[in-house]
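As written, the chain order gives the labels A, B, C, D and E, with residue 1 at the start of each chain.
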Amino acid sequence: MNRRKKHGLPSGSLIHMGDHKLHQVEFSVMDFNEETYSEFEVKSIDDLAPCKSTETVSWINIDGVHDALVIQKIGEHFQLHPLLLEDLMNPNHRPKIEDFDDYIHFTLRMLSYDREKKQIEQEQVSFVLGEHWVISFQETPGDVFGPIRDRIRNNKGRIRKLKADYLAYALADIIVDHYFLIIDEIDEEIEKLEDEVLNGKNEEILRSIQHLKNELLLLRKSTLPVRDAVGNLMKGTSRLIAPQTTVFLKDVYDHTLHISDSIEIYRETLNSLMEVHLSALSNRLNQVMKVLTIISTIFIPLTFIVGVYGMNFRFMPELSWEYGYAMVWGIMILVTLFLVYILRRNRWM
Amino acid sequence: MNRRKKHGLPSGSLIHMGDHKLHQVEFSVMDFNEETYSEFEVKSIDDLAPCKSTETVSWINIDGVHDALVIQKIGEHFQLHPLLLEDLMNPNHRPKIEDFDDYIHFTLRMLSYDREKKQIEQEQVSFVLGEHWVISFQETPGDVFGPIRDRIRNNKGRIRKLKADYLAYALADIIVDHYFLIIDEIDEEIEKLEDEVLNGKNEEILRSIQHLKNELLLLRKSTLPVRDAVGNLMKGTSRLIAPQTTVFLKDVYDHTLHISDSIEIYRETLNSLMEVHLSALSNRLNQVMKVLTIISTIFIPLTFIVGVYGMNFRFMPELSWEYGYAMVWGIMILVTLFLVYILRRNRWM
Amino acid sequence: MNRRKKHGLPSGSLIHMGDHKLHQVEFSVMDFNEETYSEFEVKSIDDLAPCKSTETVSWINIDGVHDALVIQKIGEHFQLHPLLLEDLMNPNHRPKIEDFDDYIHFTLRMLSYDREKKQIEQEQVSFVLGEHWVISFQETPGDVFGPIRDRIRNNKGRIRKLKADYLAYALADIIVDHYFLIIDEIDEEIEKLEDEVLNGKNEEILRSIQHLKNELLLLRKSTLPVRDAVGNLMKGTSRLIAPQTTVFLKDVYDHTLHISDSIEIYRETLNSLMEVHLSALSNRLNQVMKVLTIISTIFIPLTFIVGVYGMNFRFMPELSWEYGYAMVWGIMILVTLFLVYILRRNRWM
Amino acid sequence: MNRRKKHGLPSGSLIHMGDHKLHQVEFSVMDFNEETYSEFEVKSIDDLAPCKSTETVSWINIDGVHDALVIQKIGEHFQLHPLLLEDLMNPNHRPKIEDFDDYIHFTLRMLSYDREKKQIEQEQVSFVLGEHWVISFQETPGDVFGPIRDRIRNNKGRIRKLKADYLAYALADIIVDHYFLIIDEIDEEIEKLEDEVLNGKNEEILRSIQHLKNELLLLRKSTLPVRDAVGNLMKGTSRLIAPQTTVFLKDVYDHTLHISDSIEIYRETLNSLMEVHLSALSNRLNQVMKVLTIISTIFIPLTFIVGVYGMNFRFMPELSWEYGYAMVWGIMILVTLFLVYILRRNRWM
Amino acid sequence: MNRRKKHGLPSGSLIHMGDHKLHQVEFSVMDFNEETYSEFEVKSIDDLAPCKSTETVSWINIDGVHDALVIQKIGEHFQLHPLLLEDLMNPNHRPKIEDFDDYIHFTLRMLSYDREKKQIEQEQVSFVLGEHWVISFQETPGDVFGPIRDRIRNNKGRIRKLKADYLAYALADIIVDHYFLIIDEIDEEIEKLEDEVLNGKNEEILRSIQHLKNELLLLRKSTLPVRDAVGNLMKGTSRLIAPQTTVFLKDVYDHTLHISDSIEIYRETLNSLMEVHLSALSNRLNQVMKVLTIISTIFIPLTFIVGVYGMNFRFMPELSWEYGYAMVWGIMILVTLFLVYILRRNRWM
């Protein structure tokens, strides 16, 4: 999160705030309605002119948001607010849905779980929903939206029957659906941890618990604002969202609720796990100390006794008794038995 | 919770997301009003046609939600929204009540306590309330609704006098009422745990506490959404809910409040129990260490003393004293008494 | 809390859910207005007929709610909702105030503190406020409402000047006022505990803290719903509550606020007390370990030294020195002084 | 808090619930507008008659609320609600602001910090704001309002230019302003505690932290209800509060916000302090145990070695070696060095 | 925070509550619209007269708020409320935005991170937004607003095209933007701490964690009130805020949300870090105790054995056996091996 680059500049200044990426910005356009469908690459931004005017739904996908010039031009073409353009180029933005009357701006976080690093990877995905068009922005070219492209191409489901608002829903839905995969991964990690806590390896476990808690925080940070924003959108004040799309938004909303429920439960589980772990540590200390105490309790008195008869006094009657040595052994065995009895009675052995 | 099966498919895709069940989907229909009553098995979905049109209340119970084709057909027959059908087939849905104007969709969780595994078993139960019909969906055929069937058959209580909305209430009520049984079981488990904490067995207790906390989380996850949903329904905006049914909904609402109160109290009790347990651990460590300290404090100095007279110096006057040995014993007894006095004064013995 | 008795029965089924009580249900009626006043025992429920119709305020007190038949008849007589009757017979209901338009139903908990068992005893008290009548229901005959009866008999205060709604307020007020007595008792218990923590007795204290926390939970469970319910009632939507009674309700509301404030403060105090207690345990462990360490640190090296001169080597020059023995004592005294100095410097002695 | 005195009496019964005070109730009246100003003592309550009728602002200050007769008469004179009079005489009331249409009743807590006892002293201050008059009630005669009297006498600030509502504001403001002094004292106490935790004295510190936390609870109990009540008053529904006074109320509101912010921060600081303290305890135990372990680890093996050569076997070749003794010393030095090396490597020395 | 200076004075009394600063109050004025631009120093407050009347936007920046006379005059000139003037001179005010109909008053906190002291430095910045003018107040002359001055001078961005409300937004935005720098610094500090916890140095870490938590509290105290205040302002009830400025306010609002999200996450991270640290302490104690126990368990029995044969009984057959000594060594080796085996089996070695 490096805000320093931009500090003090007028708001709306288009400076890319992520790490610099060198690849070329790529455009792809899908234009469709229930009957027709076309797909084309775009050379210059002027090629996008028809997208705005025609009645067909146009989906413009843009891979790469580091090129201020391109963003600037698109902003002018679709008359987007400068602050929106600024947000597009800041890859660490808080997820939000902002209604600019003529268009709605979605900023979401695409999350994926990197199993190697056991870490959630995140990427910002934005899209702008206008009357007959949706523009989606991603930093790295990826195939997140592949299934949606397929559904458009093959006219599967409702996607070609409905309008741009349904397309925007479908894009948001596929992103939020991905969070369930993360939840599954975290679920597995927690199960592993539960086993490990049972087996009693320790410092590492604490760190793993911390790590997972941080991942949950990250997931929550991505989910909660979406939940609130979709909740707002559902209230149906925007003229861009058709009433029949609201039920789909409700579905996304339910998913975010489900996810945040799960997050809360996992957090509680992890807290419990930590408590079990700490109490196990404490238990083990008790065990160790018991052993020490048993050994000491038995052998320290015995050592004292043999010490007594190791003294070199000239007048020690026991030393010359014939059965003195045997007697000492007898005493020691009795003492030992007595101590073992005491320890057992206190349930330490 | 295995969302992966479905990932990337258009929403409304009917794929069963639970473990695959092979049994045949079973239908049973009860059709009644205050005077008449009939009950019949259904061969084909077309047999359901009259249920929708007649003025009598029809209750269609469907055991098995894994067959997409059946769900699809029913959806078409009763004109249910595709997202609703999708929810029906996902057995891990968050409980909710959704108002689709022409019908209301309830998703609840039937909970039962498996005493063997000391575990809450859950199963999703959905129903859809239309103008003159209620369709209920369960995965496994069970007798949860048995008592309601009896009440219809025997015309007991209000159930045949009132409309479909009362039937829907009765179904929801019997499910929520089951939660009290779970609460009773948990209550018993907690009482057992309290005794065990008193008797001081340990690591297992911690795990039992964790386990119960998880069960409470599960119960809460099933109850809270119901509470909120019923709370919304009570506001009376749906034309499917007659005003006189609202007071019954208020009753369900009160039950969910009661249950969530109890959950909170049990959670606090379990937290307290854990604290008592941890403090008992700590206490026991103190006991162990006290014993070690007492033994060491008394015998280490004595061992030193006998060590002194075990030295082999040629010139050690005490060794040749006639009462040297007796004197050493005397000294050791004095030292012991002094130490015991000190320990007692500090309340360690 | 034994819900099982009732499970699966139609709602509104009148089955008493408390422990079975055998005593006879007792009725007493007071009928008054500013000028007149009469009091009579009731033989049959039909005797209650005038209570409903006359303009004078009638207070019908019923001791014993276990007789379904009686409840049933009263319900018919005063046209009470079946769910209300069901609630009356369930002695473990969550406190609530429910507005049925023609009458308002109050369910409250009478609490008293049993000093012997150090435990809060609770009993459900319900009343129904109609236009000119109030019916109060208690399980065990008690004199909770004695002072109100006296005020009616002696025409003290406002009670005979105002209507049934004021009577209902007075009944609720006397119950909530009792909670302050509980608060006082808990206050005393906490003060005792504070002293005991200072004196350092332990495991028992933890249990007492737990116990008090549970009592507070119980008190909170009785108070919070009342607070919310009275808060709702105050909004003045019921035609049964005269505007001038609202200010009295506000007073009850303030009392519940006061009580819940106190509960929160006591809970925090008990948590603090527990922390002090645990830290005292920890402190004591430190003390014990310090003593062990001091003893060991001083005597283990000395024992080593005397061990050295207890060896039986033929060639050990020190053994035959004339002042060898004295020298060893000298060394040991020096070592001791040095160790004591070190321990003191580290503030362990 | 002794509610028992009053239990069961009709509400509005005037019984003083504080400890009995014997001093005479004192009245003082200031009567002013922008031009004129008069101040007089009051012999009988009838002298107050003009206060109510004239257009000038009258401030009646009453020191002593234990005399039910006086309160009763004032209540009749100014037509105050009986519940209000009851509240006046209960010195442990929750702070509140209650709007009775014709007058507004303020109950606040005057707090002062007793540096000797390190304790917050509290006293209830009530006032009633009418159209042209303010009556203030205090138990003990004090000079809290001295500055306001001076401002009236000297016509300083706005106080004589504005109406009774501004006077009421000024009284409330001076009380809330006092809370900042308490905050300052607590701030100092916390700084002292922070130093003491650093220096490592212990059990006392824990108690001091507890004590300060309790004081903060008390302060919060006095502030929060005021914040909420002023917040309500600001909404401007009362005709007694002129619109231009609202901005002053906003100021009081901001102060209470500021105070409650500070309370939260101090609470968190105290919690942190406790954690630092407990962790320091734990640290110190670790130190103690390390010393014990070092001493034991080094000397126990050495003592074993010298023990070996203290055995009296007839055939122990080493004993008769010429350099046996030196060899043993050599071995012991090597063992010691090795152990010290091991301990250092594990960073225990 | 030294409120005592002012205690008891009438509200609106202008007394500077910070530490006394001696520098001269400095004025600078920028006056601009889209076409023209002028900048001038001000000698006397009467020079400000045109600022208020002209249609151009005037930005009056005042460095130094300690001179009551100057504040007083400005207050009269721009007809500011006395309470506002009082707030200006109190440098410890809670951040707030207050709408006085004819002008809006912003009180914010400028934060900067002092890397030397690892501490957040704060300074209060206030501004008042009128119809065509903005007055900003700072205590110490600084260059916080430098970038904005540059944008005005160079006519960069929107600042000269829009009105005074945009200027006020720009000032607030630059202050809130600074908080991101603090967040970055804290992020770095936390990363350092995480490394240090891993390396296991201790008491200092706890203090650093406490310190950072306090800094976060400070940051939160500065951010949360701004968030709420901007949230209120956004609702657009003030006629001074043009509708097109609202979207910019939304941006500030989003930033404050982002910051408070980060604060929450850092707080949780620090709490986790503390738990890891405490558990590491506990772990280390376990390690220490294990070593002690291993050493004691092995050597105490051996020392006992050699003690036995150090006894001086005349009749001890073993002593005169030829292989007695070897046998003892044998026994000791066997005992050692057995104990090592036991310890390993319990995973203590």
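To be clear about the criterion, a contact is a pair of C-beta atoms (placed from the backbone, for glycine too) under 8 Å apart; a residue touches a chain by one contact, two chains touch by 3 or more.
Here the structure is a predicted model, which means the values were calculated and not measured.
Shared residue numbers account for under half of those found at the interface formed by subunit A and subunit E, and the copies are therefore classed as meeting with different residues.
Averaging C-alpha coordinates per chain places the centre of subunit C 26 Å away from that of subunit D. Each chain gets a centre from the mean of its Cα atoms; for subunit B and subunit E, those two points are 41 Å apart.
Under the contact definition stated at the top, the residues of subunit B that touch 2 or more other chains are 282, 285, 289, 292, 296, 300, 303, 307, 310-312, 316.
In the cyclic arrangement of chains, the order starting from subunit A and heading towards subunit B is A, B, C, D, E. Residue ranges on subunit B touching subunit C, taken from their complex, read 146-147, 151, 156-159, 170, 173-174, 177-178, 180-181, 183-184, 187, 247-248, 250-251, 254, 257-258, 261, 265, 268-269, 272-273, 275-276, 279-280, 282-283, 285-286, 289-290, 292-293, 296-297, 300-301, 303-304, 307-308, 310-316, 348. Contact residues on subunit B toward subunit A in their complex (touch as defined above): 1-4, 7-13, 81-83, 93-94, 96, 98, 100, 202-203, 206-207, 210, 213-214, 217, 221, 225, 274, 277-278, 281-282, 284-285, 288-289, 291-292, 295-296, 299-300, 302-303, 306-307, 309-312, 316, 318-325, 328.
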